[in-house]
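Next come two complexes, and both contain chain A; in the first it sits with chain B, in the second with chain C.
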Partner chain A sequence: MLGSIITPDLFASALRMATPLALAAIGGTICERSGVVNIALEGIMLCGAFAGVAVTLAIGNPWLGIIAAMLAGVAIAAIHAFTSINLRSDQVVSGTAINILALGVTGFLMEIMYGHPGTTEAITTIKPIFRFASESGNSFLGTVWHWINTIFLSHTPIVYLTILIAVVAQWAMYNTRWGLRLRALGEHPRAVDTVGVSVLKGRWVAVLMSGALAGLAGANLTLEQVGSFTENMTNGRGFIALAANIFGRWTPMGSYEASLLFGFADALQIKLQIFRGQINIPSQFFLMLPYVLTVVVLAGVVGRAVGPASVGKPYEKG
Partner chain B sequence: MSAEAEEPSTKRDWAAIAQKVGVPLASVLLAMIISSVIMWVSGYDPFAAFAALFRGSFGTPKAFGDTLLKSTPLILAGLGLAYGFRANLFNIGAEGQLFMGGLAVAWLGLLLAGQPWWITIPVLLLAAMLAGAAWAFIPAILKARIGAHEVITTMMFTYIARYLVSYLVIGPLKSPGQIPQTGLLPSESQLPRIQSLFSEATLQAMPFLKLGRAHTGIVVALVAAVVVWWLLKYTTLGYENRAVGYNPFAAETGGISVQWTIVKALCISGALAGLAGAVEVMGVHYRLFDQFSSGFGFTGIAVALLAKNHPIAVVPAALLFGAMAAGGGTMQLEANVPQKIILIVQALVIFFVAAEGIVTYFVRQRQKEATSHVG
Partner chain C sequence: MNSKSLRVLSVLLAVVLLVAFVPGCATKTDTSDTSGGTTAPKPSIKTAMVTDVGGLGDKSFNDGAYAGLQRAEKELGVEIKVLESKEITDYESNIDQLATAGYSPIFAVGFLMTDTVSKMATAFPDTQFAGVDEFFDPVPANVVGLNFKEEEGSYLAGVVAGLATKDSFDSKLNKDNVIGFVGGMDIPLIQKFEAGYIAGAKAVNPDVKVISLYAGNFTDQAKGKELGYSLIEQKADVIYAAAGQVGLGTIEACKDKGALFIGVDVDQYETVKNSGSVILTSMVKHVDNAVFETVKQAVDGSFPGGSIKIFGLAEDGVGLAPFHDFESKVPQAIKDAVEKARTDIISGAIKVPTTP
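Then we have the complex of A and B:
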């Protein structure tokens, strides 16, 4: 049985499942590094998921759907930026309001656009980029090729784009002026202000970037994975992404790696459900797995995680 | 976030209270205006919508009964959130603790069949509180010991609770039949409807008592509001809770164990959310199924914030959101507006209540304009 669980498509699925988490987690990393907590990732992702499907259904072009999802993410994130940076609201409260708003807006729009709640019509999902033939078991080399092909070469564009984003963001955070300023914004905004760089502008840019990334995460969910939108379909992924950001110690690559762990847990629980009859454990316990794992990870497999010093504190120009 | 209302003695205090009440009222008004614009843009008649909403929530004694029915769990969940907020803790996962409270009651209520009501009702309410507190305990310990953010952990526990309940009502606790739900609670474990307390003659004489489905759980909720108010204002427990919320470092220096206070605060918050689940099962459904709560734990967040975390103010705030929940159906039926608009109103209320800086923001903009004109 183990042989039928540990297969190349389990790892391929882990990589797919990790993608929306990683995008949102990197968004969360950038946002929190600038000093703004982003509990709203969940709602932003949901809006992105909806916008992607709505535009694809209307125009028939999923690429425009992706762009729409990112723009929707940016628009929602702008609300968070305005309330938490300009109005200096409690950032966690503002994020919560956005999560509720996202549920309301997507549900409301769904009913007035499609006339019913629940799930939208299906769209044609974006196909994997490469399609090489491979088969396992013919020869040793053939099997190796099959594993490589399935795990790494069977994916849709956003999956690869996410890896690229993680690498670039990691590099930029530690090797560019933008990265240095971003980190300083979250640690010591007064110092940034003193050298004549606008704290408000820096934080705005970071929050909007996180919105674009979380919106893209939503697009990946609907346009590449599921193929339709269902109310509240993000199902806590935004919160798991926040945990991945913490587990990844507020770095883009760390966030990506932590997301891989959560993605693997998700892939494993889906795979295990197929064998439910044989192992006789109810499916609900598998469905709990990613959430349990998130708590376990936060419980300090990693020990005490320390975030940016000024995260969550509104900045007032003195 | 932890504003404290003192006894009014002078005119100035009354002014302070007017200001405290003014901000929430203005927030609700603004939220209604903006949602009206949204409805109007979407091609609906906002006046017809709000009129239908009002009829469905206050129009008849039965409609008002429905408002009370929805407000009952909202008061309890809102109190839980408010108690946590006072210690600067955000129990965003109240919904999960509410599920566990409902679960405890649905399970234990069947076991206690045959006992008199004055034993079953207190035992069940207590069990629900314990279950809710237990579900908050691990996030509480993680917060106190290693600083794991309670927003993430309590949220995760909400998903776990949902899947647990969904499994139990399909599996071990399922009553015979097609529908995945637990068995019907015996009548001695049910919270009676308010109108059932009065004789037919009294109801004929006083028709405003015909409150339909409203149940005596509202008494539990109102008592809880007073108890939480008393706890916060007059007990050491409440004092420590507020002190940790204001400034944990100062509290620690003053000899208060911050870690222990955090654990107590989240568990009490969870206990109140558990009670919310209990009244929903004992007063409305008399059994458990996986959709038994319509997000009361989440709406409780808006209730607490609108009440500025004052336990007594939680009651009118819960009535407002309870009325929206009760009248939403009528609004959808008569004005065709999707009920989801209520979530939008809720979110807008939270934005405005939270944006205390909104006034200072516009004042600063003005000043900026003024100086730029001078320059």
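Then we have the complex of A and C:
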């Protein structure tokens, strides 16, 4: 029984499912480090997912779809940046409005562009980079190769790109001038202002970056994983990403690791469901595992995680 | 925040909300006359439907019900209208809006709307309601429940899967005697599909191992693909999905890792592009016929209020779609077994269970 739960695909599945969460979570981290709360990740991801499919359907090139998804993310994030930075509105209200907007706009555009809401036509998904034969022979080396091949070498480009983004963002946040300013923006924006660096500009860049990353998360869902867009297909991933950001203590690597944990929990519940018939536990019990984990992690393990001091507070010069 | 920016923000948010609600209230009405029920009674009836959250374009039962209404519009000359539900909380307001505007009968499509229909039937006693996939006990006098014996159609799908996994007519079939099932939400309606499928497979292949996985929703395609991967890793070579759009992700997994797929509700060979190489057949549910017949009865003045109508194999309410690309590959023995199961179910020789 254990051999059917702990399989190479369990870990590969965890990596796949962690990817959209991690991209959005890293976006959320950058955004919140600059002092802007971004609960619009869910909506931005949804718009990115839609734009990716729409452009790929129109032009036939999924790589342009990825770029379109990121641009759509940036465009939606710009609304959030404008209301929360320039208009100094409540950032949670603005984010919520964007989530509702995204749900409506994607359905509306489908109606206009394809004549029906629901699900778009399918595109050809982006294939994994490597396609090595995985001989599941019984020799020891064959088994080891099968595990390595499935877990690490079976993925699509954005899965690898996400790991790279996490590493680079982590390095940049603590080793570059941009990173120092970003952290200062969220802790003490007035200090940044007094040395002559624009708070508004710094926050705008951070919010737009989070939009690009959340858009890329959407592209991973539609262009690499499933190949078509369905209304509300993000299914709460943006909110889990927010939790991953907090669990990761507002650091890019932490966000990635937390996403991996959530992805693993989701992958594990699928494998556990296989034995549902034998142990007679309702499927709902397994389905709730990732969410229970989220609550436990946020309430118990993280405990006193302290976010940036000025997060959520609009900056007023003067 | 100063008052000027507050004003700008409030205008902005109002626009956002307006745009967001436009598709929620998107209507498909074909006449411009939308006057309420206060005018003189018209010769023809106005009928409408409220979709489930899957909405139009789900390539499944919402589209099926709409096809039935369109046929009624064309053949019976009735006026039709569709309101889509984006959230579960839209059900009541959508039904209320239609009932107030004088639409009758109102079709509420989807199991999740059952309680709302019961409630609204009391609030609007003069309006006729029809609930697709809804079971009422007791049935209000102005309500008809249109139900399908999904388990009977699924039994046939199980017969096909149970025999196919032992066979080798396609290179995607292995020798491990395992088949899979993907469900949307773990609710009685979906359990009927699962139960019929398992019963059908076990009847023709007692040793077959059937693995059932649930996604927990009907929209998360990425989850559907992961469920498909997991089933294929467990050596399943035929997968039946009763999971709405989640099943589209499962089709992707089948294409990617090589397994056969059995579609649901409509002939998915026709509705899902570029997937003919994995779609063996589909279990179809003729929601369109049930809706059309009910409108026709309402027009004739014989609306079957207060009853539950059940459409099974005998009534041609469910059935199997053609094998399409697999037509020449599928051995005659499998086709004969399906035919035998069909006649046995209709004659009552086989009783199909509704819970797994």
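The working rule: the second predicted complex is superposed on the first by the 313 of 318 C-alpha atoms of A that agree within 3 Å, B and C clash if a C-alpha of one lies under 4 Å from a C-alpha of the other, contacts with A are read in each partner's own complex, and residues count from 1 in each chain.
Assume contacts are C-beta pairs under 8 Å (C-beta built on N, C-alpha and C of every residue); 3 or more make two chains touch, one makes a residue touch a chain.
Values in this document were obtained by computation on a predicted structure and should not be read as measured data.
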Item to check | Side-by-side fit of chain B and chain C on chain A, or clash | outcome: clash
Checklist entry - What is the contact status of A:143 with respect to chain B (first) and chain C (second): first, second, both, or neither? => result neither
Checklist entry - After lining up the shared chain so the two structures overlap, which partner does A:111 touch, if you call chain B first and chain C second: first, second, both or neither? => result both
Next on the checklist: Is A:292 touching anything from chain B or chain C once the two structures are fitted on A? First, second, both or neither.
Outcome noted: first
Next on the checklist: Between chain B and chain C, whom does A:235 touch in the aligned arrangement: first, second, both, or neither?
Outcome noted: both
Next on the checklist: Quick check for you: in the superposed arrangement, does A:198 touch first (chain B), second (chain C), both or neither?
Outcome noted: neither
Checklist entry - After lining up the shared chain so the two structures overlap, which partner does A:282 touch, if you call chain B first and chain C second: first, second, both or neither? => result both
Checklist outcome for this item: Both chain B and chain C touch chain A at residues 83, 87-90, 93-94, 97-98, 100-101, 103-105, 107-108, 111, 117, 235, 282, 284, 287, 314
Item to check | Parts of chain B lying in touch with chain A, wherever the complex brings them together | outcome: 1, 38, 42-43, 90, 92, 138-139, 142, 146-149, 151-153, 155-157, 159-160, 163-164, 166-167, 170-171, 298, 301-302, 305, 338, 340-344, 346-348, 350-351, 354-358, 361
Item to check | List of chain A residues in touch with chain B within their complex | outcome: 39, 79, 83, 86-90, 92-94, 96-98, 100-101, 103-105, 107-108, 111-112, 117, 235-236, 239-240, 242-243, 246, 282, 284-285, 287-288, 291-292, 294-295, 298-300, 303-304, 314
Checklist entry - Mind pulling up the chain A residues that touch chain C in the complex? => result 4, 7, 9, 13, 16-17, 20, 83, 87-90, 93-94, 97-98, 100-101, 103-105, 107-108, 110-111, 114, 116-119, 121-122, 124-125, 221, 225-228, 230-233, 235, 266-267, 270-271, 273-274, 276-277, 282-284, 287, 314
Next on the checklist: Considering only the defined contacts, which chain C positions touch chain A in the complex?
Outcome noted: 1, 5-6, 8-9, 12-13, 16-17, 19-24, 26, 54-59, 62-63, 84, 86, 183, 186, 211-217, 219-227, 229-230, 233-234, 245, 248-249, 252, 272-275, 356
